[in-house]
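There are two complexes below, and they share chain A, which is joined by chain B in the first and by chain C in the second.
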Partner chain A sequence: MNISVGREDFVKLLARAQGVIDRRHAMTILTNVVLEADDGRLTLLATDLEVSLLQWCPATVETPGSVALSSRKLFEVVRESASDTIELRVLDNLWVGVSYGRSSFKLTGIDPADHPGMPTSDADGEGSVSFEIEASALSEMIAKTVFSVSHDDTRSNLAGVYLCSAEKKGKLRMVATDGHRLALIDRKIKGDLPESGVILPRKGLAEIAKVLPEESGLVTVSIGRSEAVVKLSDSVLSMCLVEGTFPDYKQVMPKETPNVALLDRDDFLHTVRRVSLLSSERANGVRLSLSEGRLEINANNPDLGEANEDLEIDYSGAEIVVGFNARYLLEVLAVLPENSRVELCLGTELSPGVLRGEDSDYSYVVMPMRI
Partner chain B sequence: MANILHADMDAFFASVEQMDQPQLRGKPVMVGGLAKRGVIAAASYEARAFGVHSAMPTAQARRLCPQGVFLAPRMRRYAELSARIREIFYRYTPIVEPLSLDEAYLDVGASLRLFGSIGEIAEQLRAEVRERSGLAMSVGGGPGKLVAKIAGNKAKPDGLLIIEEHEVLDFLHPLAVSEIWGVGPATQAKLRAMGISTIGELAAAGAAELEAELGRWGPLLHGLASGEDLRSVECDRGRKSYGEENTFPEDAVDEEVIEATIIAHAHTVAGRLRRDGRSGRTVTLKFRPSGPGRDFRLFTRSKTLASPCDDGLEIAEVALALWRAETEHPPLRLVGVQLSLLDGNRPLQLGLFKSEESERRDALNRALDDITRRFGDKALQRGEGSI
Partner chain C sequence: MLTTLCLTVGVTVDISSSSNINELWNQALSSIQPELARDEFESWIKPMKPVSIDEREVELSVPNRMFASWVEDNYLDILSKAWVRTCGRRATFTFTWDKGALQGELFKDLRRTKGKEVPEVSSKRSKGLITRYGFDTFVVGQSNQFAHAASMAVASQPGTLYNPFFLYGGVGLGKTHLANAIGKAVVQNEPKTRVLFLSAESFTNQLIDAIARNNTPAFKSRMRRVDVLIIDDVQFLARRERTQEEFFHVFNALYEAGKQIILTSDTFPNELQGVEERLCNRFGWGLVADLQTPDLETRIAILECKARSEGIDLPLDVSAYIAEKVDSNIRDLEGALTRISAYASLNSLQITKSLAEELMSGVAGGGPKPVSMEDVARSVTRHFGIQPGELSARRRTKKVAEARQVAMYIMRNHVGASFPAIGAHLGGRDHSTVIHACQAVEKRRRENPRFRYMVDTVTKMIGCG
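After this line comes the complex of A and B, so read on.
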């Protein structure tokens, strides 16, 4: 293999590959990225066997060929280049020469045949379905749900975002929950959705989310029995579906929340952020007291002190005091648009609250805290 | 400033029996182990007149006071009254250090502005305890634990004695060194050899000399005798775990007995957690195998749950799973269940997906706790063979 490739393209591809590769993977061969050059194109493969990313960019290919080498080291070497092009050449004994400007490196390579390669996918096979969605919509759906995915290892069925069809035809629904709060969003798609929902792993979605902002137009998502594949303009990302049954999220969507407050998103966000400075570190609780036209937020921590702030709001429901984990409020407020209004709907101090922006296709349910 | 109280129920177990059984009033009553090697736990003042005191072998007490009434203890009843009395303490200060069912230290320093002088607080406490439990309590007060405890002993029966800071040395110095808690016959003998028999003589002795004779205990004793007592009242707030364990009267061989014991312990621990409004995540099973070559080592096995728990069934299931996965085998001498990694009683994050099962258990637990609170913990018992 003997090629030259643009620095900017190569750095971009290698940076994305770092996100997929697990440096502590039990199979050390998987810390390598596989390079393959042919037909004026350089292809990079990175995988941890759960999430795999295949990407490509144009290259001047003198001699086609392939090699595997340390993804981390190659990224660090290429990133330091000041020159616009990088020369790559496979030498004797699988040494890989990397040169740019007046620098040259010799990195140890590995026979690509030793790398398991791209796992075979069933996402295009029999019984699979596929749909198209605007890149910006998919990006938004991930951003507005993925923060609610559970980090608890013992609840693997919550370790991803649930993907299913919404009640409205032609809409995709994504739901994420960690058992304490739940985010749900619907967006339009073209094509088919699987009959029963599937769970996409957090890591796979996070990697797609990194690529999506550079995409425009439609992207294709295919879902098979055990894998999902997202096809983008310069890459294909595949991920194993999370096994397990996603909890019955519809059951926890409150049907009635009689007390509805209308607030300015920015004021609410900043107030919660300030007051939570004095909430206890572990529980991070803040107390919201609603009364006519007024929301008072306070926090106290026996070791530090207390904080109070009140907001003038649009509210005429019952007087109610509810505790929440401030982080659960801040994370959803952060993904709602600036300069917008949010609706805070509460039942009792022990029943779930609902937060909505101006977009009725996005809801967030959060359980209170007993303070 | 005098801010520490020592509260001690007079002849607690015996007084409870005399209150519950009026025909025993005025008679020498002794509560304790009635078996061959039993020991007296409490003697009424009438019995003390015969020279009986607590910790005396029951056989000896029977010789001294053959006409006395000897009763086996009813610990549940005493615990119930003790809890009622402790609740009164908590109305006056959160800093309560219970020493046993019938004895506690209270730090009322921060309560003086609310309830009056330390003497007034002590009188209110005594009156309220008498009113709500029907029992007499003696209270001693002073600037430190030692003085408060000795003052309390001097106040008995049914009395009150407060020693103000400027009175401490006059109060302590004429007393025998044996009044200091922890100064037993061995220390007394050593001190006597140094010509020390009163606390005043102890204070006058050199600290270095005492250290040479008694080790680290020496300077400590010297400080106490000189009125320096900085030990604070340690309340329960720093509690790290809840546990229950038992030593089998005979080593347990039968798996059914062992499992039933584990289940019972799990429910006991869960009940206490709920009583205190707390929950914990780490379940620990403790056991001590016995038999040749096993040298009584204590084994512990733990599992940490994903979320805090105060349910006996859940704790029992985890503890049983730990036991069943165990390669050590009976006979067991001791088995215990403990819950740690406690969440503060508040705040508690509520969950979205409470299964119907766990909601039913919560409702059941609330009902059980309510019945136990109203009718005592004998009112309800789990059926044999149930978890």
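After this line comes the complex of A and C, so read on.
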């Protein structure tokens, strides 16, 4: 293999590959990226066998060929380049020469045949479905749900975002929960959705989310029995679906929340952030006291002290005091647009509350805490 | 998950109800502090946080149920006095330890969904847990006193005291019984606890099954969901690397989550052959308790306990006779009793000492006949096909040396001769030579089943012709 490739493209591809590659994977071969050059194109494969990313960029190919290389080292070497093009050449005994400007490196390569390669996918096979969605919409859906995904090892069915069809036809729904809060969003798509919902792993979605901002137009998502594949303009990302049954999220959506407050998103966010500085570290609780036209937020930590702040809000419901984990509020407020209004709907101090922005297709349910 | 205790000390004095909870609590704390040693205060009083305080009730959040019961038993008096000093009124102390109590759960049924799967496991397991193996049917003697006491402690506070709890002892000495009893007691104390009792063998089989069905995540999560995991006969994990690997992760996950792990084995953890060192090492982290062969009095007590539970009328001289004849392990002991009682009931006879003598004499292993070192030497030379004199000669060919070692081992373990006596019998060898031979044979016996079979055969042949 003997090629030259633009630095900017190469760095971008390698940077994305780092996220997919698990440096502590039991199979050390998987810490390598596989480079393949052919037909004026360089293809780069990174996988941890659960999530795989295949990307490509244009290159001047003098001799086609392929090689596997330590993903991290190659990235570090290429990133330091000041020159616009990078030359790559496979030498004897799988040594790989990387050179730019006046620098040259010799890295140990590995026979690409030892790498398991792109896992075979069933996402295009029989029984699979596929749909198209705006890149920006998909990106938004992931950003607004993925933070609610559970980190609890023992609840593997919550370790991903649930993807199913919404009540309204032609809309995709994504739901994520960790058992304490739940985020749900609907967006328009073109195409078919699987009959029963599937769970996409957090890691796969996080990697997709990194690539999406550079995309424009439609992206294609295919879902098979055990895999989902997202096709983008310069890459394909496939991920294994999470096994297990997602809990019945519909039954936890509160039907009645008589106490509705309207707040300014920015004020609310900053107040909670300030007050939570003095909440206890583990529970991270803040107390919200609502009364007519007023919201008082306070927190106290027996070891540190206490904090109080009040806001003028649009509220005419009953007086109510309710505790929340501040993190659960901050994370959702962070993904809502700036300069917007949010609606906080509460039942009692022990029943779930709902937070909504101006977009009625996005809701966030959060369980209070006793403080 | 609340326990309520009423205290009726002190005089009721009204106190402004607007007092800050934490302030009150801190005042109480500062009055407790001088009364206790620093580490005692730090570990038992400080972790408690007030949840709510009103006229008559103080609700405290504690890390777990064990903590609550410990505080109840040991510090309630101090707490109550301090409370009277602080507020001048009596109070009811309530402890909350449910972690979820602070943060509400969105899915009430997430627990239930879990519940749906788990009872399946636990009901299957409660079949696996042998109901008649409880603490009530376990006879305690000097040989197993420690193991029994430790098991009781583990059962009362699973996951906190001794974790992992490792029981070892020879066959039929009650390892499985004790491990079972712990599981049973835990479920009795706290019916919601998920106890999983598995033999190492079925752990392996379930894993193989999961791999075959390509469903290892389900297996993993099933293992990680239990509160008490009991693995019987862990020595059978030997040389099963994948199983050990999986078990290692299960072990770590449970250990870190503070779940109780109970293991039984026929050897000391560090001597488990073919088990990875990191596992053996972990097995020894908690408490290792051994079960010894019971002494005569315990054996008699075991027989009488068994006889009582089976409704057998067993005269004292008969139980003493059986206990004297069978000294190897409890399984054989109970086997002998069953044999005698079955014979007696089938033939409508009374159980008497003479009947027992008659039956026991006809049974192989029912009371070892006294064997001499000569008998052993004869059997060994015959088996190895060497000349009788060669055992005590100087020759050290491979075959002769092996035969000599086996002879020494059998003389030591079945004749019970002393090391110097064996040495003297076999051509005036040093006692350290004999000790080495016994250890070497013991080691090979453990590692090599064929060798073990050979030694057992030679042993059985002693005194036959």
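We adopt the following convention: the second predicted complex is superposed on the first by the 371 of 371 C-alpha atoms of A that agree within 3 Å, B and C clash if a C-alpha of one lies under 4 Å from a C-alpha of the other, contacts with A are read in each partner's own complex, and residues count from 1 in each chain.
Note that contacts are C-beta pairs under 8 Å (C-beta built on N, C-alpha and C of every residue); 3 or more make two chains touch, one makes a residue touch a chain.
All of these numbers come straight from a predicted model, not from anything done at the bench.
Undergrad: Put the two structures on top of each other at chain A: do chain B and chain C fit, or clash?
TA: Chain B/chain C on chain A - steric clash.
Undergrad: Have a look at where A:Ile371 lands relative to chain B and chain C in the superposition and call it first, second, both or neither.
TA: After superposition on chain A, A:Ile371 lies in contact with both partners, chain B and chain C.
Undergrad: Which holds for A:Asn325: it touches chain B only (first), chain C only (second), both, or neither?
TA: both
Undergrad: Between chain B (first) and chain C (second), which, if any, makes contact with A:Asn339: first, second, both or neither?
TA: Neither chain B nor chain C is touched by A:Asn339.
Undergrad: Could you tell me if A:Ser156 is touching chain B, chain C, both of them or neither one (first, second, both, neither)?
TA: A:Ser156: touches chain C, not chain B.
Undergrad: Who does A:Ser196 touch here: chain B (first), chain C (second), both, or neither?
TA: Touch partners of A:Ser196: none, neither chain B nor chain C.
Undergrad: Go through the superposed model and pick first if A:Glu243 touches only chain B, second if only chain C, both, or neither.
TA: In the superposition, A:Glu243 touches chain C alone.
Undergrad: Output check: A:Val252 vs chain B and chain C. Expected answer is one of first, second, both, neither. What do you get?
TA: In the superposition, A:Val252 contacts both chain B and chain C.
Undergrad: State whether A:Asn300 touches chain B only (first), chain C only (second), both chains, or neither.
TA: Touch partner of A:Asn300: chain C, not chain B.
Undergrad: After superposing on chain A, check 26-34, 260-268 or 368-376 and name the one in chain B that bumps into chain C.
TA: 260-268
Undergrad: Residue overlap on chain A between the chain B contact set and the chain C contact set?
TA: The overlap between the chain B and chain C interfaces on chain A comprises residues 154-155, 177, 179-182, 247-248, 252, 283, 285, 325, 350, 352, 365, 367-371.
Undergrad: Enumerate the contact residues on chain A facing chain B in the complex.
TA: 152, 154-155, 177, 179-182, 247-248, 252, 280, 283, 285, 323, 325, 350, 352, 365, 367-371
Undergrad: Touching chain C in the complex: which residues of chain A?
TA: 153-156, 177, 179-182, 243-245, 247-248, 251-252, 283, 285, 300, 302, 325, 350, 352, 365, 367-371
Undergrad: In the complex, go through chain B and note every residue touching chain A.
TA: 306, 344, 346-353
Undergrad: Any idea which chain C residues touch chain A in the complex?
TA: These residues of chain C touch chain A: 22, 25-26, 49, 51, 101-107, 109-110, 113, 215, 217-218, 221, 224-225, 253.
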